[in-house]
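Here's a structure for you.
Just so it is clear, A, B, C, D, E and F label the chains in written order, and each chain counts residues from 1 on its own.
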Amino acid sequence: MVNPGDTAWVLISTGLVMLMTPGLAFFYGGMVRKKNILGILMQCLIALCVLSIQWVLFGYSLSFAPGEGFWGGLDWVGLSGVGLEPYADYAATIPHQAFMIFQGMFAVITPALIIGAFAERMKFSAFIAFVLLWATFVYDPVCHAVWGVGGFLRELGALDFAGGTVVHINAGIAALATALVIGKRTNIGKSMPVPHNMPFVVLGTALLWFGWFGFNAGSALAANGIAVNAFVVTNTAAATGGLSWALIEWLRNGKPTVFGACSGAVAGLVAITPAAGFVSIIPAIVIGLLVSLFCFTAVSVIKPKFGYDDSLDAFGVHCVGGTWGALATGLFASKALNPAGADGLFFGNPQQFLIQLAAVGATLVYSLAASAAIYKLVDIVIGLRVDEKQEAMGLDLTQHHERAYTVLE
Amino acid sequence: MVNPGDTAWVLISTGLVMLMTPGLAFFYGGMVRKKNILGILMQCLIALCVLSIQWVLFGYSLSFAPGEGFWGGLDWVGLSGVGLEPYADYAATIPHQAFMIFQGMFAVITPALIIGAFAERMKFSAFIAFVLLWATFVYDPVCHAVWGVGGFLRELGALDFAGGTVVHINAGIAALATALVIGKRTNIGKSMPVPHNMPFVVLGTALLWFGWFGFNAGSALAANGIAVNAFVVTNTAAATGGLSWALIEWLRNGKPTVFGACSGAVAGLVAITPAAGFVSIIPAIVIGLLVSLFCFTAVSVIKPKFGYDDSLDAFGVHCVGGTWGALATGLFASKALNPAGADGLFFGNPQQFLIQLAAVGATLVYSLAASAAIYKLVDIVIGLRVDEKQEAMGLDLTQHHERAYTVLE
Amino acid sequence: MVNPGDTAWVLISTGLVMLMTPGLAFFYGGMVRKKNILGILMQCLIALCVLSIQWVLFGYSLSFAPGEGFWGGLDWVGLSGVGLEPYADYAATIPHQAFMIFQGMFAVITPALIIGAFAERMKFSAFIAFVLLWATFVYDPVCHAVWGVGGFLRELGALDFAGGTVVHINAGIAALATALVIGKRTNIGKSMPVPHNMPFVVLGTALLWFGWFGFNAGSALAANGIAVNAFVVTNTAAATGGLSWALIEWLRNGKPTVFGACSGAVAGLVAITPAAGFVSIIPAIVIGLLVSLFCFTAVSVIKPKFGYDDSLDAFGVHCVGGTWGALATGLFASKALNPAGADGLFFGNPQQFLIQLAAVGATLVYSLAASAAIYKLVDIVIGLRVDEKQEAMGLDLTQHHERAYTVLE
Amino acid sequence: MKLVIAIIQPHKLEQVKEELYKAEVNLITVSEVLGHGRQKGVTEVYRGAKETGNLLRKIRLEIAVNDNFLEPTVRAITRGAKTGETGDGKIFVLDLPECIRIRTGETGGVAIG
Amino acid sequence: MKLVIAIIQPHKLEQVKEELYKAEVNLITVSEVLGHGRQKGVTEVYRGAKETGNLLRKIRLEIAVNDNFLEPTVRAITRGAKTGETGDGKIFVLDLPECIRIRTGETGGVAIG
Amino acid sequence: MKLVIAIIQPHKLEQVKEELYKAEVNLITVSEVLGHGRQKGVTEVYRGAKETGNLLRKIRLEIAVNDNFLEPTVRAITRGAKTGETGDGKIFVLDLPECIRIRTGETGGVAIG
């Protein structure tokens, strides 16, 4: 039966997750140069448009219709059979469409996360093609595998509360694939472009943090104790992640930066995502403290060493943070907290850690391969990059015939 | 009896609708020139202040006290008799004041929508007078006619789920009236002023989209299936509207713009508003796809042809989009979805389409005449326009003795 | 028993209050000079991080564990014993941790309010030390005294619905203490620095207003009539405060300003905070109208006269507004509205006014003394101020090695 | 050759540009500046603190011209920018001994246009 | 007539303006520029990538004066802007053959003030 | 002494700076300007209204040099800024009769560097 309290919670959580895509747009948009911010904002906005439609037309069906290990099938195409009564296999106390639209917002933001990797140099037409293909052939299957009835990682017993594998590892490794395929921005190297509007980065971080309460605590699909636990550990991991990154910078560079604190907060949010319904407060602190160490290393040590141009660190934050979170779930999960979950290594069940490893590995391999293939395909058919002159002029003018800011008046 | 789940949903929806007025402020504020943004922000902010007070003092009574066809009367002045128990004629499971404050936010944003029409040239004192008069003599009666117990369009059977006539047609046609009365901005024509801060336009769009979930899904006044349906179709129509506008630009001008995608998303939200509780997903897609065609034509073809200066297209988006939405409700509404509604033309009831036409017509005629009269009156008594020198210097400095941005330090 | 509707409401309210800290960051950040905005944003962000952690580790225990008059003790350190079942002494229908995290957001924003007093000249390292000490030795005890089981002002019968004493007087008087201890910014006086980004001030105001619905209406800890009442009076007082400040300026300076309307709205929100669950609509209007008079006087008359540099008026708005609100609660509170409250002076119970006076006095004295002592201590150990050259260059570059905005590209 | 620097009112830019095009002066460089002149600024007020906004927004034009274009240029600017009220601005004329077009390496009068 | 161009530290603007007013130089044009000089910038750090912020924010003043005002102007700027540390900036003095007041059409020395 | 003013493409700034450093010209002042030249701007479109973006973003360099540095400076700028397409920009060279270092009061050629 539909419970109004649970429904209210899932609806507002859906709104919060929707707000994360504009949040991400400002988070990323503040980081690029003035001439490219509209490129970022537009990619995020169009992802929201295109993928909202893809989801109700067939994405939801591919992901959640009861089906094979990898593929939900086409039974629920156009939402046929997806009504206003609960569908108990997913959520017993809210209308089925509430579950559908909540999940839809995940399907929107996940591909949008990849934008950070190829920022400042990708053609808009190619972006639309890519995002649609990626959602259909990477997001939907991985989502089904982990969360769909019959999904093979779900059957395996992999725990992913709100999207460590489905969202962050998946998008993060795709980010690496795309960064490698598209290649570096021209003329960077000696002097890296500097974020053109740090307050926008902070605004984006704030909206992401706020929205993440819906992302994680909404994933309980009810306004219950598990939702409250998820809310509390989400906030805690964000806080420890933000503090931790700032402290690492303080020790290493002499000063903590706003950019660092924002990055750390987001990393903490990423890492707690798969664990939020399964771990309690002390593990959340540990997860948050360590994720910034891992991500900072990826971003400030590994990336410069290998020289790939993951422009806004979509791989360095989401894949690295998501992997740590998924594995940490295998360490810290506790059935005492959530009987629907499992015990992790530290609660006497090393098996779970191995399952988590397997789920991470499977996601990494599939997503890396499929994302690279799709991206390459788009390159061949449409061409990924704007030409050098356009890159110099910026995406705003060349892809959208607009400027972000006027200089006069 | 008060249901906590429904109450939670209506309260947070109220918060979301409140946020739409600042959202609108940034949406509009980003579009004007640097020297006029504070003029926009201030008009929106003061509308929020003044109309919040008007509403609790007498606006709510005029609109919703059980009364005549056009006028709710003064029984509920100062909220007397409007308590914390439910008032079943409007909403049986939430405190009466929750319904009151939810509606209050509609009464705030509707007049604020008109600001787009006379942006960059109106005196602040005249604005306050106008907004107060308009709310009292246009918004409150139209609201009563459509939604109030005893309202004549309600009796007629007109469907308006969340404000197609009451909010968008009403404000949109008033926008045209005011644009015609106040006249064009000086020195525009050859080169139209360019939006000074596109990221603010995007921020505003994001807040509007987010807030609109409260606007439409909150209008179910309960956290039930109808709310979920409204939520889903709202998101879908926004997405299709945004995509559609971008595609139209792509075909017509060679490139899709961020401004276009934002405009389209807002147009989609406008159009789905009257229909949200009565139509399902496929009609929502149709409504969203077509609204951008209509609004694009209004804004980019009709406006330049006729030459009125509806500066930020309050008429072109809200009146045109709202009219389409109200009529589309008469086409696509379905009792199978919402038994409290009616069947539309495509569900075998052409009658409903005629009722919708009548409601649209009545609103257009009344609001056009009354708005023009009020605006003219304010012109005679106070004077609508700043003088030419003030217009050249900008409203920020001349109306508020402030500047939006410093240049140095 | 856990009620999903109440839980949904408290969770989303917690999210709303969390959003107030970034809201405050933009409210304050827009007011400072370009070179110092990141200093503000970082202080707010790190306060959110550090105090979120302090709270779950020991702050919540100090504040709310059942204890002495001033001190909650250490029983709930690390959230031991704070579970997912309700704790009826605080809230009978939501998980105990939901109450904990809701209160945690208050513990974050309260110290962040003080930032306005010492903006543009404080060392970041000193800030972290101060904020941690202040939260532990000022916020936690005052919070316990007023709200904790066994707290001495609670026993006394002082009414503080959502934090007039605990939050606003407490932070506001601390602001005065810190402004006096750290001294004035250099080179101001002849020409006061001008807000560098007024739209950010408006954005911050909007987020604060929006979040305040959670702050006040969430303090009902249930989605019931009291929550609705709190919501309605909160919006009303914000509106009247904003309008009132604008009108005062209009009369006194010839023009109403956006900055004034924003300041007034925030002042109205401050003043209604302690009263929100105890007073009805007419008192809310009175409270909002008068608070702007008091705060305007403090900010524009008293501050210039005495010459202290409370840079962004944390004292002038929060202490003055909070004091008026706490006293007004003693005037206007009514048991007819909320039986769990008390009657105020105007409802025949002068006693309550005296109790409010006592609570205000106790908070002022304790917080002033303790805040000054802590601040002085930090000065001795770490040093509060950046040196003059750093102040001239700005906190962004010198404390965080970052700039907010790029000039080129 | 001369380098003409003009300080004008922001809202006059469009008109000045038009007049310049009519005078066949097509190449210009524009920037935003703040000016303090005889014109009194609007008093700005921030939380009661009054600022006699003594720096007003202006537009600065920089135009390199051959000598025979000097007079038309000055006249075009004047036509476009004049309102007759204080704040209309100034035109400064400097000698310009050399001018180089980066694209071609051309120098002197031919490089100007 | 001379055109004085000065590059100064941003936080010295108020003092320079004051000194100029004392010297009865009231008409100035101000803009924001970035300067690279002997002064070392603060290193900026973005996600670990260090930028030796080699362009520092400066203020550029442009002041047209009659010849007899040149020295007072230079001295006023120096008094207001000097801290004795690198980064204080430079003053450049150019010959100004002509000056026109747009409002009145006046030219030469009388148009400057 | 000479005052060199160069208008270049924004994305060429880094390269120009490098070339200047190679030529041992280390002191420069940079600002953002809008330019209208032969280069056609990208048409901008706002809700269907087309703007022939006739003012393009450019970078303005101001470099005071001693006479013997003039040629190397001009050459360095040219090397760094040239793409061979319209929009590459111009270099203007003015005589600079006097230059003062604010910090020390030094004047003339020694104050330039």
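The working rule: a residue touches a chain if its C-beta (ideal position, glycine included) is under 8 Å from a C-beta of that chain, and two chains touch if they have at least 3 such contacts.
Note that this is a predicted model, so its numbers are computed, not measured.
Visitor: Under the document's definition of touching, what chains do subunit C and subunit D have as common neighbours?
Guide: Joint contacts, listed by label: A, B, E, F.
Visitor: Which pair wins on C-beta contacts, B-E or A-C?
Guide: A-C
Visitor: Among the listed pairs B-E, A-E or A-D, choose the one whose interface is a repeat of C-D, with over half of the contact pairs the same by residue number.
Guide: Duplicate interface of C-D: A-E.
Visitor: Using CA atom averages as chain centres, what separation in Å is found between subunit C and subunit E?
Guide: Computed from C-alpha means, the inter-chain centre distance equals 43 Å.
Visitor: Using mean C-alpha positions as chain centres, tell me how far subunit B is from subunit F in Å, no decimals.
Guide: The answer is 50 Å.
Visitor: Between subunit C and subunit F, tell me the centre distance in angstrom, where each centre is the average of that chain's C-alpha atoms.
Guide: 50
Visitor: Spell out, as numbers or ranges, the residues of subunit B touching 2 or more other chains.
Guide: 3-6, 8-9, 12, 191, 194-195, 197, 203, 253, 255, 257, 259, 401-403, 407-409 - these are the residues of subunit B that touch more than one other chain.
Visitor: Going by the contact rule already set, what residues in subunit F reach two or more other chains?
Guide: Only 11, 30-32, 34, 44-46, 94-95 qualify.
Visitor: Examine which chains touch each other and state the graph shape they make (line, ring, star, complete, other).
Guide: Chain contacts: complete, every pair touches.
Visitor: Where on subunit C is subunit E touching in the complex?
Guide: 187, 190-191, 392-393, 397-398, 401-403, 407-408
Visitor: Under the definition above, what is the set of subunit F residues touching subunit D in their complex?
Guide: Touch list, subunit F to subunit D: 5-8, 31-38, 54-55, 58, 60, 74, 77-78, 81-95.
Visitor: State the interface residues of subunit D toward subunit C in the complex, per the touch definition above.
Guide: The touching residues are 44-51.
Visitor: Show which residues of subunit D lie in contact with subunit F when the two form their complex.
Guide: Touch list, subunit D to subunit F: 3, 17, 26-31, 62, 64, 94-103, 105, 111-112.
Visitor: Mind pulling up the subunit D residues that touch subunit B in the complex?
Guide: Going by the criterion above, the answer is residues 9, 11, 14, 32, 34, 42-46, 53, 55, 57.
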